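For reference, chains read A, B, C and D in written order, and residue numbers begin at 1 within each chain.
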Amino acid sequence: MEETIQEESNVLIFLDRRRSYLVKVEKDKDLHTHKGFIRLKDLIGKEYGARIKSSLGTEFVALKPSIRDYVFKMARKTQIIYPKDIALIVMFSGIQPGSQVVEAGTGTGALTTALASYVKPSGRVYSYEIRPEFIQTAKKNLEKAGVAEYVEIRNQDITQGIQEKGIDSVVLDLATPWLVIPHAYSALKGSGSLVSFSPTMDQVVKTVEALEETGFVDIETVECLLRGIQAIRGKTRPETLMTGHTGYVTYARKAALPEPISTENEAKK
Amino acid sequence: MEETIQEESNVLIFLDRRRSYLVKVEKDKDLHTHKGFIRLKDLIGKEYGARIKSSLGTEFVALKPSIRDYVFKMARKTQIIYPKDIALIVMFSGIQPGSQVVEAGTGTGALTTALASYVKPSGRVYSYEIRPEFIQTAKKNLEKAGVAEYVEIRNQDITQGIQEKGIDSVVLDLATPWLVIPHAYSALKGSGSLVSFSPTMDQVVKTVEALEETGFVDIETVECLLRGIQAIRGKTRPETLMTGHTGYVTYARKAALPEPISTENEAKK
Amino acid sequence: MEETIQEESNVLIFLDRRRSYLVKVEKDKDLHTHKGFIRLKDLIGKEYGARIKSSLGTEFVALKPSIRDYVFKMARKTQIIYPKDIALIVMFSGIQPGSQVVEAGTGTGALTTALASYVKPSGRVYSYEIRPEFIQTAKKNLEKAGVAEYVEIRNQDITQGIQEKGIDSVVLDLATPWLVIPHAYSALKGSGSLVSFSPTMDQVVKTVEALEETGFVDIETVECLLRGIQAIRGKTRPETLMTGHTGYVTYARKAALPEPISTENEAKK
Amino acid sequence: MEETIQEESNVLIFLDRRRSYLVKVEKDKDLHTHKGFIRLKDLIGKEYGARIKSSLGTEFVALKPSIRDYVFKMARKTQIIYPKDIALIVMFSGIQPGSQVVEAGTGTGALTTALASYVKPSGRVYSYEIRPEFIQTAKKNLEKAGVAEYVEIRNQDITQGIQEKGIDSVVLDLATPWLVIPHAYSALKGSGSLVSFSPTMDQVVKTVEALEETGFVDIETVECLLRGIQAIRGKTRPETLMTGHTGYVTYARKAALPEPISTENEAKK
């Protein structure tokens, strides 16, 4: 039942949260750190979680990378989305194994990776990205995280339309989400969810207005403040440094267009 | 591709967030609300998302319940965990479709439902609950949410031991999580994750101490503050009411016990 | 040095934060509470801080009212400002004993009371209020808190102008602060401060724009989240209930209009 | 009514919040900055708020330093207390012009400066500091801020006793506030306030326990989160960086020791 590290396995060589290295195990490769080097071939055949000393005697742990690790380590060519926000997006969207999801923009694939990891194995993420230069990076990142097969990247402008129909959820992390709302409405199943992530209040207001005009209900916007806690006996306190803002998460569900069916009329007959 | 509402379907009859009703569609049943009644048979054959007027002319929407809806509507016999915290627990734990998860305590099954919905179809949640009176409620709730087949409830005291081995993740929401840490260590795969949710700082400190002593690494504790935003043009502001505290989420990963393997020694040969 | 309670003294009859009563001691008056009545004449000659049992045997404490108590107890005809925000306004404004302050609107006089209590004895608060119905209430509240002599209430529309000059600080808590900015600029001394309190982002943006256009510098906006802590050994945690939002505090200082004097030119001569 | 800058005046040469310089105007002195130098004698005779160009043409503003500026600029030999926390301490303590206040520890005098500025002209701050090396710095800072005459610094260990009696308020910012509580009780007037600032939960719990045992009432603990807001039309959002924690503010008021006087007994006679 225990998994052992193989050649080609991805491993997170972990010292602490800030000093951890996501590497692919290759026989002839060393990982060089400020605390000495590690011969990656030494890891082969070990269980994940193994402790390994560097050439300078510092102890690292060979962890199995989680989705959160992959997201953290993705090339920072765009501002990536924080795990706390991904967590909310996944929960609010109602995404499940098997879900059909449309996402935009792909960027470096951080959010795409997370979404794909929750819809697998039978679901799919259709990820729209207008900037060709990001698509190669995103594909590499999806490959690395092992979720590329659950994703279709579309090099199209999602503000011009969405080609999928009967979608469970639309997830937006782009500059003008309000331009996508009518297309999202068409793409979504009845009762399907839309979740949008935006840094500014102005984006949120425009998006909420578009949702209200288009026939969405159950619209809400939240922000999530995550605070680290130093849990040490006799020194317990929140941590001094904190991210004060990343963005707002807006959520809604598709309702049918009027005319509603009516219990009232039935009653009158 | 569109799903239609059937007899026996679960439907969320939605007016607004506070006035929404999770019902099973039955031919001869009416839903009575303060805004009039709805004949549930009128919904049969309609798509999810359909708008329906009550006998008093108020428009409701027939939404398809999400996991978040099920969690919200669960019988409040215990203090249930908030979706924001479930979201963090799922993300931090690294739980994925296919994961093997141990959870305690079951309570009314709110967190169990959420975990099960992410590990399905091939994963399993082994949920420990010492209080027999909760088990029937939890089973009913899991049935209702359609995830009972992915859960095994164990009427056992998890502070006395965990019978599973090679587990991917242990998730704790109970009064004395620190008593479970050594058992969690034995149950987990190398590099497996532990996530614990506790309302008080004192619980967190004891849990973190137990994690450090037992051989876990990458230990961190966070709290999540969720704030609603009123996104109305010209009146944009956070909402006045806010939950100030639910609990702390503590996270860790299992490392092997020392002795570490050593690149240093290898190098010396 | 100890002060004793006299006839006509204001006393806060305190059971807990929610059940405390601000009364004037009168010989023939009883205070009736859900926990029994208290004969106020029994307090005469006692020191502040005295414990007193009600007719039903419940122990109350006879505290000397602080400015915060007066502010809390003011008639809630308008939404009063919270002590946390008053505290920030006082600190940011740089108000000191002796300061000359212009304030608007007076409302029921809660913020006025606090400002007056910090500028006394030699400073003054000039408080503008357009609605006559508030002025009587405000005057009564200022009298009660013992600060009426440090306040001049002006039944004038501050958006039409400020008659004072050479003011140290302008403090605004009204719906359209941006309309007051040019008048505030004229009323303020060089380097004088302006502090504005507004519930919505839209008000803040308009106010900040007006400040920038008018010649203010050091402009900043903050919000303050106050969270109660339950500090009980073994049960330490933030409190569940919290106010999520009251308003934003915007701060600025008056700079001279260009043209600046120039060290450069001096240097060239 | 306008104040002009004189020789020996303190001036805050302001570019932005981070690049501002608190200087004393001297005829022969230049202020050198990364944006060029400023001849301080050019400021003499100008009004506060004057704009002045540096030798490189950058415009600065010559502001009149506020108490907040002095606190910010104090030598950072100890961790100084934040203005947001000073603001709460002042408001909660009920400190007013004329108040008699005991404070500890003095440190570099940041909090002392603020307290003195609110009790002046007739009040006094008695500030205890056990470490002689801080006292000279504190005195210099108090002189600079112009409040030295309202402060008496006592080079004594406040955990051993407080020599003053009939004090209005005791303000504590030291490592072991709980050791001072009984002395504070003796020093305070009836109904007098105690406010303590501590970074850790453990300190707070011990302090609250000591307060409860000693005869204080109305005990509460809060934390204050201050978040900067970027108020720019079309880009409105909270700022990314935020201080996640400074410390907890605990507040209480002195009640008389039992035995309480009793309305009940009176009633029975």
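Quick note on the criterion: a contact is a pair of C-beta atoms (placed from the backbone, for glycine too) under 8 Å apart; a residue touches a chain by one contact, two chains touch by 3 or more.
Predicted model only: the values in this text are computed from it and were never measured.
Asks: Can you list every chain in contact with both chain A and chain D?
Replies: Common neighbours, chain A/chain D: none found.
Asks: What's the overlap between the neighbours of chain A and those of chain B?
Replies: Looking at chain B and chain A together, no chain touches each of them.
Asks: Can you check whether chain B and chain C touch via the same residue numbers (shared by over half) or via different ones?
Replies: Comparing the two copies, chain B and chain C contact each other through largely the same residue numbers, since over half are shared.
Asks: With chain centres defined as C-alpha means, what is the inter-centre distance between chain A and chain C in Å?
Replies: Using C-alpha averages as centres, the distance is 46 Å.
Asks: In whole angstrom, what separates the CA-based centres of chain C and chain D?
Replies: Measuring from centre to centre gives 19 Å for this pair.
Asks: Would you please write down the residue numbers of chain C that are in contact with two or more other chains?
Replies: Only 201, 223, 227-228, 233, 236, 238 qualify.
Asks: If we count contacts the way the header does, which residues on chain A are in touch with chain D in the complex?
Replies: Within the complex, chain A contacts chain D at residues 199-202, 223, 227-228, 233-246.
Asks: Taking the touch rule as given, give the residues of chain A at its contact with chain B in the complex, in rising order.
Replies: 1-3, 14, 16-17, 36-39, 42, 46-57, 59, 61-64, 66-68, 83-84, 86-88, 90-92, 94, 96-98, 114, 117-118, 120-121, 165-166, 189-193, 201, 204-205, 207-209, 217-218, 220-233, 236, 238, 248, 250, 253-256, 258-267
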